[in-house]
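Two complexes are shown next, each including chain A; its partner changes from chain B in the first to chain C in the second.
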Partner chain A sequence: MRQFHSLLLCLSCLSFTLASSDYHEQLLLKPLHPSLLLASFNFQSNTTLASFEQQNFRYFPRSLGQILQHANTRELHLRFSLGRWDAESWGARPWGGAREGGTGVELWAWVEAETDEVADGRWLTLTNALSGLFCASLNFIDSTRTTRPIMSFQPSGDHKNSTFESLHLLHGTLPREVVCTENLTPFLKLLPCKGKAGISSLLDGHKLFDASWQSMSIDVRPICPLASNDCQLQITQTIDMVLDIQRSKRPRDNPIPRPVPNEELKCDTSKPYHTEDTCYPLDTAAREEEWTLSQIFGHPLKGACPLATDGIDPVCISVPHARQVFSSEGSHEHKDSSGFMRCYHLDSEKDFELVLPQQEISEKAPLEQPLLYAERSFIGYGQERGGVQAILTNPSLTEAVDFIYMESLPWFMKLYLHTLNAKINGLDTHQDVIQEMYYRPALDRKRGTQLEIRILIPANSTVVLTYDFEKAILRYTEYPPDANRGFDVAPAVITIGNVSIRTTSLLLPLPTPDFSMPYNVIILTSTVMALSFGFIFNLLVRRFVAVDEADQWDVRSVRLKVAALIKGKLKRFRKRVKMEKKE
Partner chain B sequence: MSASSQAPIAFEPGAHADGKDAKKSEDVPANAVSATPKKKEPPPESPESIRQRSYVVLSFWAIILIIGLPIWWKTTAIYRARLPLDQMMDWADGRACRPVFPLRISIEADSLQDHEAQHLLRTTQHALDDLNDFSAHHLRLELSPSNASTAATGLSTGGVENEELALVIRLLPGTTTKADLQSYAPILDIYYTPNQIPSSSSSSSSLGNYIANRLRGMFAEEQAMISYLLSTSSAPPERSPKALAPEVAESLAKWTTRSMKYSRTYHLTFSLFTPTATPSSWDIASALEEHLKPLLESFSSISNFTIDTQVQLYATPGVSGNVLKKEDLSGFINAAEWPLSPSIGGAPTINFIIYVGDMEVEGGGKGWLIPQWGGVVIQSDISDLRPAMLIFSNQLMSLLGAPESGSLPLRLMTLVRVRSAGLLLKASGTMGSLARLTLALPSISIPRSVADGVYTTIEHLRKACDGLGGQEALENARIAEEAAEKAFFEKSMVGQVYFPDEHKLAVYMPLLGPVGVPLVMTVLKEVRAWRKRRRGSR
Partner chain C sequence: MNIDRRKATLFGAAAAVRLLLFTSFPGLPDLLTARVEISTPVTSFKRLQEGVFLYNHNVSPYDGGVYHQAPLLLPLFSLLPSSATYPAFTYLLYIILDLLSANALMCIAQSGEAVSSKLFTSPRKDKRWSNFAIAAAFLFNPFTIASCIGRPTSVFTNCAILHAISKAVNGNSFTAMFALSFAAYLSMYPILLFPPLALLCYDRRPPLKNPESIYSFVLGNAVAVGGSLYSLLHMSSLITGSWEFLSSTYGVQLLLPDLTPNVGLWWYFFIEMFDSFRNFFLGVFWIHLSSYVAGLTIRLRRQPLFVLTLLLGIFAIFKPYPSISDTSLFLAMLPLYRHVFPLMRYTFLASSTVLYATLLGPAFYYLWIYAGSGNANFFYAITLVWSLGLSLLTSDALFAVLRDELEVERPEMKGMEIRQI
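Right after this comes the complex of A and B.
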């Protein structure tokens, strides 16, 4: 895994040196245990800043370029993510977590503006325009969901010192957003080869959103080589997904999982109780799963994208050299000296296919250990108060880890900062775990809480960070249509230098009213008011007399009266009928 | 109410009892007691308690009428800003403004004597007036200052001195009679033979008629456009010109559907679409610089333009086949896959597309125009972009609504006049719609911003109407149209359009029913008792 990571780093170095090359793409495949496959797609294109400003677009997508210019955005990072990265069994995140966002949609950008108000206006323009472009509810990133992080994010592009002063970092999250095919389609449209050729031809909404974990990212940043004026604007698009090989291999026309027929069961025949109808499943951990590229992605790769002319092999797979890998004709295999990586050069005309047969090998590509394990959950109970607990573990036996933990909480989750508490290995220590803190309290309906904490965790220790909060009661119209589902709380962002980790999002249940309430309230209060009014009014207006002095309610007399009335009417009616007949 | 029926002691409504007694006493005064022998009559009420009861009832009603009603009125009232409805309807019906386009045409006749020039002017104007049947569009001749300085009475009036000239006619002596319109300036050279100079006695001259016919021909299209605009608006019929010929009307209808809505700024997007991976670059920047920039610069007084370009590979059109039929053309743009997203910001986008391919349009031709959207050119070789750029310039002109004939400066000036007329009529129409809407839906709220928008619109409409024909009028008409649209599509107006009466009743009923009934009944009883007492005392 370390090789894998170093290759990624090396690639990003290459992109610096090969800045003159305009387009480049690469797919990295990495089997994970057990029977999972991590596929990392990376697309990168450059344009000179001059032609960007003239709006002559070639590889850089026009639709995005126009938005960036309209909103005066100098650097943009957009993420669409789904699922949870299982760091315990999958190791460190691809790209060091730098190309990854929290569940849902995450957006942060450096906007050039003279004042905060102007920046807010441009941010609004940006989110609205991006919302249209990516068919996502980005326009719901309003002031309550926007923060201005102080410590967590640093610009990754090269900005001139003169403009740097007027850059505003704005960060917004939409943890509720469900990322789906309609977000992938515009994403692919931004690519020069549009999913028709090259590695992007493998991308398919059915497979991508069936993944155990997936993340799409778009980064736009300026690159200015030192002591040179020809700046470039670089757009990097990545898609990372963890696919379940078994699940992906299911035939498309018959996707419902069915029990394996008896004769196909792999049983451990050495067990004494093994009979026709009793089976002890064979341990398949030692055996590598059999798969092909077209099984996993539904179809083979449709040749190389002819625009990528930088000579970098577009497909790489990270398996031990001992593993058998067959590739289709017309491609050339290059093995890496590290022993765990091989890359393929593709023909642009022919389809490309990779076949990995079932194989029993002991050697496995090593997993890279993440720098930190992070987990966050709700504690406490009841409708009024609650708490949050973040468990942060430093797995390193020798080195302490220093990082920034950022929370952006919605305003209706009212944080009690005095309850913030950090325990090391279960003990309240006097050690300085919390090094530095930035806190911006929430304003009701205006902005959320922003909390950034710099934490130092000594080697091989676990820090449990807890704090309490109070749940606000919302107004009737502020509840979403499915209010009982709960409210999503954005993931915490942990930044360790260039590496970043995001926890999962949380689902906060708030006290939810009965929504037929207004009419009930109207009717109930009206009844109570009418009753009391009637009582008082009658007391004041009516005259009290003795029972025998009161008018008797005589049913017979009423009946007689009604009968006489009807008779009279009938008589009159008959008379009239007779008169008419006479005429 | 309910309490009274359950109480052990019978509540006897005093007034009611009195009323009943009154009736009985009228019918059978003598044996009233014997009719109900078991019932004792309650002692007569003291006048003091009667008075007290009426005070109670009165005070309840007073509270309701003085405090309750105003509060209810105030809290449920919808804010409706006062709109100048009459003025708005005046504009919509064309009563407020009579669109007149006086076109000043200057004649430079240095080779003629002053009196000859004056005479020629008069006869030509006369001929023009005879030819013209549309009063709103009026050509006015005048001598150019070099002549006019000596002319005692020009036909030009002082009020229009600041307007720019629509055309300059230069009279030049020549061997044959011919007219020559200069391409890059609004100047018409007319050559005349010496024998055409009119004698001062004749009332008409062949040269005058020639000029008049020539001018009429040049401005016929503009006249038709304006009269078409007026005829489609709700202007009073006596003002609109005589009906246009059907084929002219049809071509003008096409012209209106084709041209884009007027805007101060347009985005132009030039896209190269190719079904394969090549070509992935084109020399668009220099082609635009050479072929399109000059045109756009001449437009600068009417509209501004921003330009962007893009290359899109692996783009398949919405139709298949190598020969495109006429009905295929509308489906050629693959809107689902081609990234031609509308631009952000207020300005509309005009798309121009070069599609690299071997396709052919049935009946010849390689390009076509898509109304209110842009143009497409199919071209297999993109090394030379000149032909495509020329097609695009033509398409741009017609998308912007410019007339088809005439030299460029004249077309642009016509465009200014036609656009201002169109905007003026549109804004007036919107005013009318808003006024009708306000009257038709008394339950919608009208925020102050709408009223402000209406006043802005009317103010700028007035300015535009006064100076029709010039640049300023166009600008004013544009502001008016923008403000009118903004006022008409005010969001907060739409929100409360439908708040049905049943709904209100459902909300009020639980309170008003149980409270209102006893209040009303008591008043009725009190009134009845009072009448009885009065009759009794009489």
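Right after this comes the complex of A and C.
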């Protein structure tokens, strides 16, 4: 987005010129249609590499820094996301998709190590330590969920050429992870103002996880400015959320939506059937919602963070200049020249409030068109096999788009690559669309499938990519407790230069055995085997005789036999007693 | 020339039926390839196509968890045109394999080994079926036709086993051992057929001036099997570039990582098994499978062909990934012993159980996987019934042959009721 890129440029410039403060924060509010609000919180801290290595932490969080040192990680990107970005209504993603991850948790890092095994060991250390720091189950990112992408991810920091050879890129996803307040709290603890002042004081678990789409990201990268020789380590923490204004305005102690009373219904009075008890909802497209900052976020902004002393206005809102916006006293408004942005300088003692009243205005801030629309879903039915279909649309009328489509699938989805098919606008032309392919097949219970395809879509066309797969049936202990929910499949990552787009994750239902029956199955199968073995063993070992030659085993013969046995024993006993008497 | 015309008619009719089914129902081959009763993870045609695709694109098919079949099949199928665009060549290959198997079966029937081996002659030997009837029973058996249309690679194994037996019956022991080692190379279990096959070769070898002892003969044959196996494995390692295919092909049969449902007993047992007991029970199942060889070979020394038939039946029930093509092989060899069918006691029970399981199996599988209204226990129960029916059939056949042997020993027992003690 143009506004975002200009802001980012502004921030990075200031970070080099004003060495007085190494900490910057900014909040950007952008209303989306209809009655949605995109709020982007951005926090950035720098530290010089020298002080980092001497364990001299000021604005850079010590807990994260020590983990990075222990795991020899040079660059880290961690994402927690929930929800779905509706590209058709909301336009291009914030930050060009660079601060966004797939549903659940996504982590990729450049680890410095001599060999692959050492890199795997350091990755294990990294995931386990981060799992403890962020209260997320990152320790479940094991070898079956880790891949080493070849084409998709490029380092965004500056690494020296000497270290570049020994850097290993490792990427892990955990689509099943539910992100919630316990992940927000450690995130806020990493900030210098710790959620007590500045824009971070607006962040509240109740509102953040009620959003239609939210993404929390942490990026750590080294920057080496060209002029000087000393490098810096920069940590950028971003929270993006798309809040539904109506839903956020519901008070916290009364969150249940109740029917609006008749008097408050907004009806279209121009309809012929409009009466007391018939109401056609009024089209509110031209009307802007009224909202205030404390209504949306639950509490007002508690002044500016005193550690951010660089002069950047912390709160900006992207609305047309014609929109009425009222701010609390003590703050100064600066409108920018483009006509669609105004920023506020805050007072550090007083709370900050923004009020946007209801207004009839048809002018809206322009939305940037995304480079590609992507959606992915399952096709087929049944629990034996299925297919995956990805619909990729190039909306541009003039430019072709060249991108890399990366899929990281679990091992129990057995992919049949010979069924991969690409149809462009409904016709079958495999060769022109797929330029390059990298495929690493899955090994049962050891690693997942890694598929990276370079695709070129001509202008104004749609490509449908399909392939078949087979569902495996797992062992008893490998199913999660809610086995019939299914397994989550990580989203596909599409990389177009610096922009990245992610599809939604998929839910894969697998066939389940009957979990109540391990003992029964073992005894029944063993019975069948024993029966069969018994038949054949008896036939082989015993000899055949005629019916009359065989011993009879009815009641009379058994009685006679037992009587004969007892008589014989008595006789022997009496004989012995007699012989003893004689002596 | 009369015989050749009858044979040609029979083979022509069988080929015509298969061609008709291949061409007039275009979705049928893929439907049957997708059925679990016909395709298993180690014999599936779709996995073979995936393996050939990866092999042609220089990715090792054994580096993944999909392809578990023998490496020599890869260059064979890459020589044929792609089966997606020109399927006719694959169909012709499988039809030819079926006809070759039928030819080998006719050789076995013609030799009369079933009714009179070197050390034993049945008193009922006139009541046997003609070669054509036996070959027709094999070619027109629905199991055989279904496994031809579904194109699993167990058809190659069946063809190799039948050729091994037919060569042994004709006295060509070296060719028989090579065919056996080829079958063992493709699927692991035929190596357990070596003892009875060696005895069959020994019984049927052409008379020499200095007949060698049985021990040196068997040892020589064992060396032949070992040598051919080694050369086949070495060729495979040259094709794939390393020895890693061993754990993907034979390791899968030993350790069962892939638990796809099939008509056998192993899959559900090892799904429900906790991890600490897996290795123990894998060992138990393999020892159970191998334990039948010694007992049967010793007890039925005088009829090694029947030992082979019975072992094929037992393997069709108890091997790790069975399918109906193994059953079709057993049912191909069984009519050779038609002369002892009147002595069997449970024919009706066994055949109706097998028919019941054949018809209900696909229904319960559909209920579990597609309809969702049944669970895995339905299909598991049908596999139990199928295994019971087949084991009843095999043990009844064993009883009939032993009864036949008894009547030669003690002719006064003919027609009398007997007991076992």
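By definition in this document, the second predicted complex is superposed on the first by the 498 of 583 C-alpha atoms of A that agree within 3 Å, B and C clash if a C-alpha of one lies under 4 Å from a C-alpha of the other, contacts with A are read in each partner's own complex, and residues count from 1 in each chain.
Note that in this section contacts are C-beta pairs under 8 Å (C-beta built on N, C-alpha and C of every residue); 3 or more make two chains touch, one makes a residue touch a chain.
Small disclaimer: the values here were computed from a predicted structure and weren't measured.
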Contacts of A:581 with chain B and chain C, given as first, second, both or neither: neither
Partner chain(s) touched by A:556 [first = chain B, second = chain C, both, neither]: neither
Chain B versus chain C as contact partner of A:54, first or second or both or neither: first
Touched partner set for A:252, first chain B, second chain C, both or neither: neither
First (chain B), second (chain C), both or neither touched by A:521: second
Contacts of A:533 with chain B and chain C, given as first, second, both or neither: both
Chain B versus chain C as contact partner of A:544, first or second or both or neither: both
Where chain A meets both chain C and chain B, residue numbers: 522, 529, 531, 533, 535, 537-538, 540, 542-547, 549-551
Touch list for chain B against partner chain A, complex: 1-4, 8-14, 16-17, 20, 36, 38-42, 45, 49, 53, 56-57, 60, 269, 271, 277-278, 280-281, 284-285, 306-315, 337, 339, 341, 343-345, 506-507, 510-511, 513-515, 518-519, 522
Residue numbers on chain A that touch chain C, as the complex places them: 381-385, 411, 414-418, 439-445, 472-477, 511-514, 517-518, 521-522, 524-525, 528-529, 531-533, 535-540, 542-547, 549-551
In the complex with chain A, residue positions of chain C that touch it: 34, 36, 46, 49-50, 52-54, 59, 63-66, 84, 257-261, 265, 267-275, 288, 291-292, 295-296, 299, 314, 317-318, 368-370, 372, 375-377, 380, 384, 387-388, 391-392, 394-395, 398-399, 402-403, 406, 413, 416-421
Residues of chain A touching chain B in the complex: 54-59, 61-63, 65-67, 70, 125, 129, 132-133, 189-190, 192-194, 196-197, 305-307, 348, 519, 522-523, 526-527, 529-531, 533-535, 537-538, 540-552
